[in-house]
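Structure incoming, see below.
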Amino acid sequence: MASTTPGGLLLVMAIIIPVVGILIQFMLGGRFVNRIVFVVLPASFAVSVSIFAMIWSSGEPLVYVVGGWDPPLGIALRADGISAAMILTTAIVICATGIFARQEFSQPDDAPEARAPFVFWALLLAIWSALNAIFLGADLFNLYVALELLTFAAVPLVCLKGSEATFKAALRYLLFALLGSMLYLLGTAMLYGGYGTLDIALLSKQVRPEPVAWVAACLMTMGLLAKTALFPLHLWLPPAHAGAPAAGSAVLSALVVKGSFFLIARLWFDAMPGLRDPAAAQLLAIMGSAAILFGSVLALRQQRLKLLVAYSTVAQIGYLFFLFPLVIGAAEPWSGLAWTGGWLQLLSHAFAKAAMFMAAGLIAEALGHDRIADLGGVGRVLPLTLVTFGLAGLSLMGVPPSGGFTAKWMLLLASIMEGQWWWSLVMLAGGLLAGGYVFMVLGKAFSAAAEKPAIAMPVARSREVIALALALCAISLGFVPLQPSELLQIGRPEIPGVVR
Amino acid sequence: MNIVLDIFTIAAVSAGAFVFMAGTVGLLRFPDELTRLHALTKADNLGLGLIVFGLLPQMDNMFAALKLISVWLLVQFSGAMVTQLIARTIRRGMNA
Amino acid sequence: MNVVMLFGICAAVLVGLGLFGLIVRPHPLRKILALNVLSSGVFLLFGVIARRGTAAGLGGDPVPQAMVITGIVVAFSSTAMAVALVLRLFKESGAVTLDVAEAEPAKRDGG
Amino acid sequence: MTMDIVFDIGLVALLISIAVWSIVARDAFSAIMIFMVYGLLLSLAWVRLAAVDIALTEAAIGAGVTGMLLLNALARLRMTGSDAAPAALPLRIAAGVLCMLVSAALSALVLFPSGEPTTLAPAVMARLGESGLENPVAGVLFVFRSLDTLLEKVVLLLALLAVWSLAPDGLWGGIPGLRVFAEKKSVLVFLAQTLPPIGIMVAIYMCWVGASEPGGAFQGGAVLAAMWILVMVAGLRKVPSIDSQSVRLAMAVGPVVFLAIGIAGIFVANSFLAYPSDYAKPLIVVIEATLTLSIGVTLGLLAAGPPEKVQQP
């Protein structure tokens, strides 16, 4: 069973290369940070692409048994289809963020070590390492440590600007996140007490629907929901994501909240397949629906652009939870379609939201403010950025051609064909509301009546291009075929019916 | 022989526990900080000393006994120092 | 009644207490304290599970025991980080109200 | 056996009532004081659960360093009297009911376990010999689940980075705002001169026996940190600036050595974080020794807080 496969070492490298970067940065000091990042980002990117390529071409998961100690005594790392997709997406978004932030957080060559560059790059690398550890982890306690690593890297990013409001947002985020980790750990303890292992593959064979498993699953899901900011546990998210510097918001909104969502999916689909319960799945989707509706309505009512984008994240997270009722207990081929649709939504939202936060950041930088009411005419000053915002918006709304459209179409189709048509109403309403807030911004920006606004600070064309490239990634996901994806099924024998 | 040692241990440890109890009562009942400090340190010195003394015969080797004694000495030392510090702070507070 | 059950109940009560303090105490420092009580309950549960798994001449299963040691260090790190944030917030604003008024109802669902 | 259970019942009752007290106490100062007592009692509970390694860690970190951190915070917040009132009554009742439900569910699961006790103890003991260690907990930490331990060291480093990151831009590279009571011939100075040699020896001893008996890098590191803070508070050694080269090296050396040995394992022992069979124990001792230093420095700096003063040239 679990034994190291060829190429398994890549999994270790995906986790430790960023850590090596952080350690070197501490040892050599911040003056070398530009050069360290210049080496580590490409190296780590290459590793991520290789992992993706190996899984894509072989159709088999990669496994690495750390230290040669087989589970349950030791820890294994495992990459299946969804890990591969997440790892590649993470690599693209983080590297794009790196290029986007290169100027803002550049350490001057002959100046003494500066705070912002030192902290920002170390945190970015730590987030990358933690996310990879989450996507590859096959042991629930190891995943707890990875989850904490992610928290510790994400929270300081929120208050990097250092104002009273961001400290408050960071503290609130931290308290929610710590509560979430503790509930997760509590569930982990109970699973170990019940089954004597925390290895996901071994657990999946043993977990039966009995009280200990139910309580553990419930606690762990609650904890992870707090970290994913699913309504009504979303209160920490908007101030935190809106308060961070643009590059930080992009990573936080596009990737960090997805890390804990990924764990919820791992838990329900991989660690405890024996527990799959339609009622629980419905409950998660109900919370998701509430998130879509409330998040979108609140986004419409925001007066600041970055807050609007942050509330849109609250809404878009909701769609991910349709994965549960539409896959669990449903028949092929629709459950496979829903599986693909759910993950595609996650990936396209990652690209679109990163692009959107970067665009919002550029607008705020150029104008010196991000009040939506005063955005009039900004489209004539920053046409490229507003196009980026619009393209990302298409994906969020679910208008073709875009990854968001394909994803939502698959989910919609699955919900109707499975006779759970009520979710499709929520999806349509969510799409309309998203259209509302996107056009509210675009309408202001391109309004013919407005004067050309004064520019506080010009923004570099290269940064605009990076944001546009991410938005185009989200659009290009719209061209994946409308059928269950083979890649996302790799390593999942329990969902049959996929034509290979 | 063993029984004698056991009885000795019981007696010494009980005496130590009693001193600690008395110290605690003092801590709670004495009127001001300085007298409370006095009660606390007496309990520390004598109580812990009695307990360590009582436990010595129960140790199976020299090394373990030595560890016990050094624990007592360390507590003595740091306790005395910290008490001094607290007392000085209190006196400074009174003068001000 | 044996040691395992006794400390198991103790762990369960501590978890509930920590959760309670986290929800009802508005001051961030008190919330941090409550989180520490909560985590001590969780760790104790690991310890109880370890004690229940006495075997091979050991007083307890060393695997959960090692996990607790890792957990204590992580919990300490988070306390240090949270306390530093509270102090910085105080320095910036002269007060440490978290403005948690709207965050509270959400936490209620955290259990 | 009956005596034991009476003691345990007393201990549990005390633990719970002290926890209740620290949650409901009116003012923050007493809450923190009580919490420190709670930490010490908790170490006693760990001894009763036959987990001496954890008892040491809890006493050193859970009660010691955490308590110091909270007290320092309290002094800086200058909080006196009662703090803000707790939440409104309906919320308190709702929260109370919810928390009781959680406690009840957990207790029920503890009292009526569904299966046989689970344990990996035999598996650990069967393969512990291969590592040359005798302390099974150290075996799990540094051999079987060493990836967890390695990542957790990175977490510790990140926590320090997070604390530092709270400083304003201009103070980066400055000196942490630890309060120094420099007063010649004070008792504190005497204490700071005499205690550290003993403390450092205790730290080294703890780290050394960690391979075979309870103890190890964490406990040793915490003692080291306490000694360092004592010396700094007494004004015998300056608080270093956060960009000091030696501090940075000391912080990173443990994780770096750990990672380097782990990577070397790929080439000489066929797997990341595997040790070549004959050299396992010496390598682990090297890792633990460097980690003790790094942990000591990191914990000390965590307690010292973010930089608050500019470095004097």
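Chains here go by letter, A, B, C and D, matching the order in which they are written, and residues are numbered from 1 within each.
Throughout what follows, contacts are C-beta pairs under 8 Å (C-beta built on N, C-alpha and C of every residue); 3 or more make two chains touch, one makes a residue touch a chain.
Quantities reported herein were computed from a predicted structural model and do not represent experimental measurements.
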Contact-connected components, subunit D excluded, all else fixed in place: A, C | B
Top chain pair, ranked by how many C-beta pairs fall in contact: C-D
Distance from subunit D to subunit A - Cα centre to Cα centre, in angstrom: 31
Rounded Å distance, subunit A centre to subunit C centre (Cα mean): 27
Centroid distance [mean C-alpha coordinates] between subunit D and subunit C, Å: 14
Subunit C, residues touching no fewer than two other chains: 15, 18, 32, 45, 48-49, 52-53, 63, 67, 70, 74, 77-78, 81, 85-86, 88, 105, 111
Multi-partner residues of subunit D (at least 2 other chains): 105-106, 113, 118-120, 124, 144-145, 148, 152, 155, 158-159, 162, 166
Interchain pairs in contact, sorted by label: A-C, A-D, B-D, C-D
List of subunit C residues in touch with subunit D within their complex: 1-21, 23-27, 29-30, 32-34, 36-37, 40, 43-45, 47-63, 65-70, 72-81, 83-88, 90, 96-97, 104-105, 108, 111
Residue ranges of subunit B in contact with subunit D within the complex: 74, 77-78, 81-82, 84-85, 88
For the subunit A and subunit C complex, residues of the former touching the latter: 73, 141, 144-145, 148, 151-152, 155, 159, 163-164, 167-168, 170-172, 174-176, 178-180, 182-183, 185-186, 189-190, 192-193, 196, 222-223, 226, 232-236
Complex contact set, residues of subunit A against subunit D: 4, 9, 12, 16, 19-20, 22-23, 26-27, 29-30, 64-69, 72-75, 112-116, 118-119, 122-123, 126, 129, 133, 141-142, 145-146, 148-149, 152-153, 155-156, 159-160, 162, 167, 186, 190, 192-197, 210-212, 215
Complex contacts: residues of subunit D adjacent to subunit C: 4-5, 8-9, 12, 15-16, 19-20, 22-23, 28, 31-32, 35, 38, 42, 45-46, 48-51, 53-54, 57-58, 61-62, 65-66, 69-70, 73-74, 76-77, 79, 83-87, 91-92, 94-96, 98-107, 110-111, 113, 117-122, 124-126, 136-137, 139-141, 144-145, 148-149, 152, 155-156, 158-159, 162-163, 166, 218, 302-303, 305-306
